[in-house]
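Input: a single structure, listed below in structure tokens.
We call the chains A, B, C, D, E and F, going by the order they appear; numbering starts again at 1 in every chain.
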């Protein structure tokens, strides 16, 4: 079976990671997974939320959102409706947890990093692109803060790298990195967040149409592990380029 | 290692499923997993939300909430704050998806079932208890509707059973059905929703402290599969008792 | 005339007051007036709201809510609608005022007690059941705090007891403690809150269909006074049992 | 004992009822009870809310509000806070119920009257002034609608008149129509809504400091009955003047 | 062409400025431009919002609102809808900016003045009436504060006067101070805020039907300048009367 | 005086208009005025809001928003705060009015176009860039709809072109198209919206520090007229390029 865009089952879409996209943010990345484009900015500020003051530890959190016309039909703005939807909440929390998994909040000191992940164009896999891009923005913000001596010398708040990819079973075939057309036809849909050394941070599998068995789950995990390894390499390559000229 | 309450690693807490708890609801269950107590009511109404009208298909959805003092320290009411929190949204959506996985919405016809899962007392595993209890309440509501001829003769909207359990790694040991004290100490926390025939509906694993590897993931899935099988037996037993006198 | 459930006009429904219902709260009561069941928890915390700091006085407040399917047809959750309705506000304020009428806030010291009254099942008289149960939960929370030395030795914040009952005129006959079926048919509906020594804390009479005259008002007050005296005896009996094992 | 403003215990403050205050509303009254001034407008529209369509019956409802600086210290606007407070809700509901007590909704036909009661200046007794003024505005709106043939010939939606007054016990003395300075010092505070023929529509007594006994309650009801009779006469006199030139 | 009410093109409606309307506010004015009536209160409080503390400077802000039946058809209350509309926000901001243009916040010291402008009856030009009246209320509140020594001796926070008027092109003719009937027929609508010495604080012109050219713009500005000069004289006259007996 | 970036007083920043930026929207433009970047999408849908149904006329509206880190310090998301701020409301309304000034809603037929203007990076003049870009996106959406025969043959809903620019007085010198650093230092700030034939749609001038006189106003209007003419030429040039491949 060949996929809509000619990829093999275990192949990622073309992924680009454009650092230094915004002149204001301490770290900023425009990440694309095919036609999915997410602007990830990392805002570094001294100080922590009230409930964390005096702990000596920092805080990393994330907010995800979609522009109204990122999708095929226009969605209402959550600011206009006056409420954040369940899906937005869920993804914001997922991104925050995923990044905190590779942060040593003690080494960060009492500083806060907010990752804003705004989907400019959506074509499936927006949350996994967001995590993958946000990690790079976070790395740039941390580098910026170390340059400014806002993090104590010798301390490294990043204790690993993190990326994410979606996998799913479409017409009985496990596929990596689903586009929107594949996603809507998937029986099972899974988002997997991995560290650069291949361990799991989050595994979220959902039976969309038909419950899945252990063998299918294993096939999906295999695919995801491969995709995450590819993404980790792409993140490394992006970060090896000349440092982003930010802030 | 023995657990706080003397259970073995693969043992559930005492589980009770009390049907017909409420005189008003078409199905109602007070489910307890140890000290976790959740009141699950199923409200059956003719008709469907506007976006589904004319489709010939029904709708099943869920709302989860905690009483303010279900927990050790009192939490603010979401009605008073004027917003539903991300966690509540996330769990409500999980319960709804889990139950829809075993519902044939065409057989249900243009009817709606709302599952309200209100945590009266919390001691870990509230979302898994909610799913397990809500299934039984749903089964009673469907039986009620068939008795009232609100579902066409010969149609069976329930195409399987569903239950859920939490698993986690505490001090390096995979454990089934975590109590609150275990949950806060867990490195990895996973909620698994299974059908009665042993397939997966949802797998949500989160590294709370340390990323987990494939071997640990497999051990957790093994434990969860066993727990879900036990819960399916308890659900069957509860439903075999004399029909609840509801509504 | 005999009532639906065979009671006389001046008879309460069977009332039960189950202390220590929740393992977390400092005081907790599941109170039932017939099929009306309300879970009342008293949460005792040190400190007072900002506007009361430094006054040396404590604060007692209440929040009332109904589970969505406590009633015959499911109601929307106020948390989902994003606003508390007028009826909820009104009853929460009534419960708070009623309890403060028997509290010496100076003796309480700078501590706060929040009474949460959640209606699990409704069959008329939920606000009066809530007040009656909340008083017992409050008494347990105060006893707990005295045991913990959070209230100064020799001080007694409770300067009386309080309970409440509904009365109404149905088909021209004044009746005590209306069930839902009676309530909807009542011409006049009145809620009366009394102290244990027979004085009034609140009298709220409303003409639902027909204005009422002084004679009818007097008949209703007579009935209510009798019902409140019965409830005070039941509260005393409940509190005389072995102290609830809470918190 | 003489009162601050020299009144006797059973004397109302100077009451003025100025009809036709607004050029837009179908009925409008600026009512004052001493320094308390409330603008009451009655908006008559054809049609009823969705839940009442097809019933053949009309609807009368009320909304109460205070301008931010109606009081001695400025209060936040509820529109800015984004929520209506409990007190506002409670009073709006009271006004609506009080007026509906003298309306025959069948005779009104499928029309709606909204009474807006906005307190321009507050000095105690704003809810009772609002009810008293709103009745007159309602009467003018009904007369307007009859003139426009929006109400069927021969039908009279008003089946009585309604007014309200506050009473309270200050320093042990029952007083009629409390000013703000008296209100804050009252042990017991009661609002009484009466029809023009002297029956009760609402009786709301609250022990502010000390519970009250039956004798005190009787004294307050006597005072209120007298005050309501005086108000009914003032309403009649106002309505006997040349018809307000409205809308 | 003669106008509906017989005015010439460059003539204001009858303007009245009634000081000391409210007994509570430090400054209060009922201003009317023909049938447009706005109650403007100035609330003077010591202290400033948190973000301004320690700056030594004061703060002046405004809130505008309309009573529901100030207009020909009843509008929903923003407090009931739970949100302030865009128009309200826009006008509140305009009033605040206009008044701050004539305030020396250093001379005011760390004090706050809130101007509440509530439209009791609307007939076009409510925002310009509000600015014109609010200035007078502000002047009275400042005088009050100087009398109370809340502003340091020798300091004068008011560095000018401010008023506002609407202009528009109706059927090709530029007109001053539009009534509602004129406003809805205007091709271009402009609000102009001027200081007493004839300079501009705000110029907001909007093409309602047809874009306007430079010549038309000039004609409107000429008209507005004349109207503002007339209003400045009326403000001076009002303030020259015996000081309002406020607060 | 030379400006920060070497421009003359009457010179625009480099302006780019990139059509077809989004694959989903019927019209989409990434517009930049120097470092200010705004993504404008035009969503064309058949049908109109309820209040316009049956009128035969279409509707054009706009929503403006800023990404949280579009600015130098991160702002809270309005969706998280649960309310749209006054500034956002004001600008959304301005954009909508400006575009409607060049739309013949009868020719549009009962169709709706929503313009979403999301500021990705801000450096002054975001509202004027938004209007300028939104016009081009609207033109593409209208062309798309004509191609799809959603607009009747021979009808042209666009009756002109529209663009906008800011002007201000900085250190006494009138300047065109202010950058953020200039904007914060401006005494007077004005936004001018013009049609392509040089007439005015909106003129909004505000004295930030010092009121301005007629001569200064004239100088600003002269500058703005020149800038708008330049923008109209740039819009024409952008639209003359090969049609954007959208939707």
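As a convention for this text, contacts are C-beta pairs under 8 Å (C-beta built on N, C-alpha and C of every residue); 3 or more make two chains touch, one makes a residue touch a chain.
Remember, it's a predicted structure, so these values are computed and weren't measured experimentally.
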Distance in touch steps, counted as few as possible, from chain A out to chain D: 3
Reference chain D; chain at largest CA-centroid distance: A
Reference interface A-F: repeating pair among E-F, C-D or B-C with over half of contacts shared: B-C
Relative to chain C, chain with the most remote C-alpha centre: F
CA centroid of chain B to CA centroid of chain F, Å: 50
Chain A and chain B: spacing of chain centres that average the CA atoms, whole Å: 29
Where chain B and chain E are represented by their mean Cα positions, the distance between them in whole Å: 59
Of all residues in chain A, the ones touching two or more other chains: 82-84
Cyclic ordering of chains (reference chain A, direction chain F): A, F, E, D, C, B
Interface residues, chain A side, partner chain B - complex: 83-87, 89-90, 92-93, 97, 101, 160, 190, 194-195, 197-207, 211-214, 217, 221, 225
Contacting residues of chain F [partner chain A, same complex]: 22-25, 28, 35, 39, 41, 43, 45, 63, 65, 67-72, 74, 77-80, 82-84, 88, 114, 116, 118, 120-123
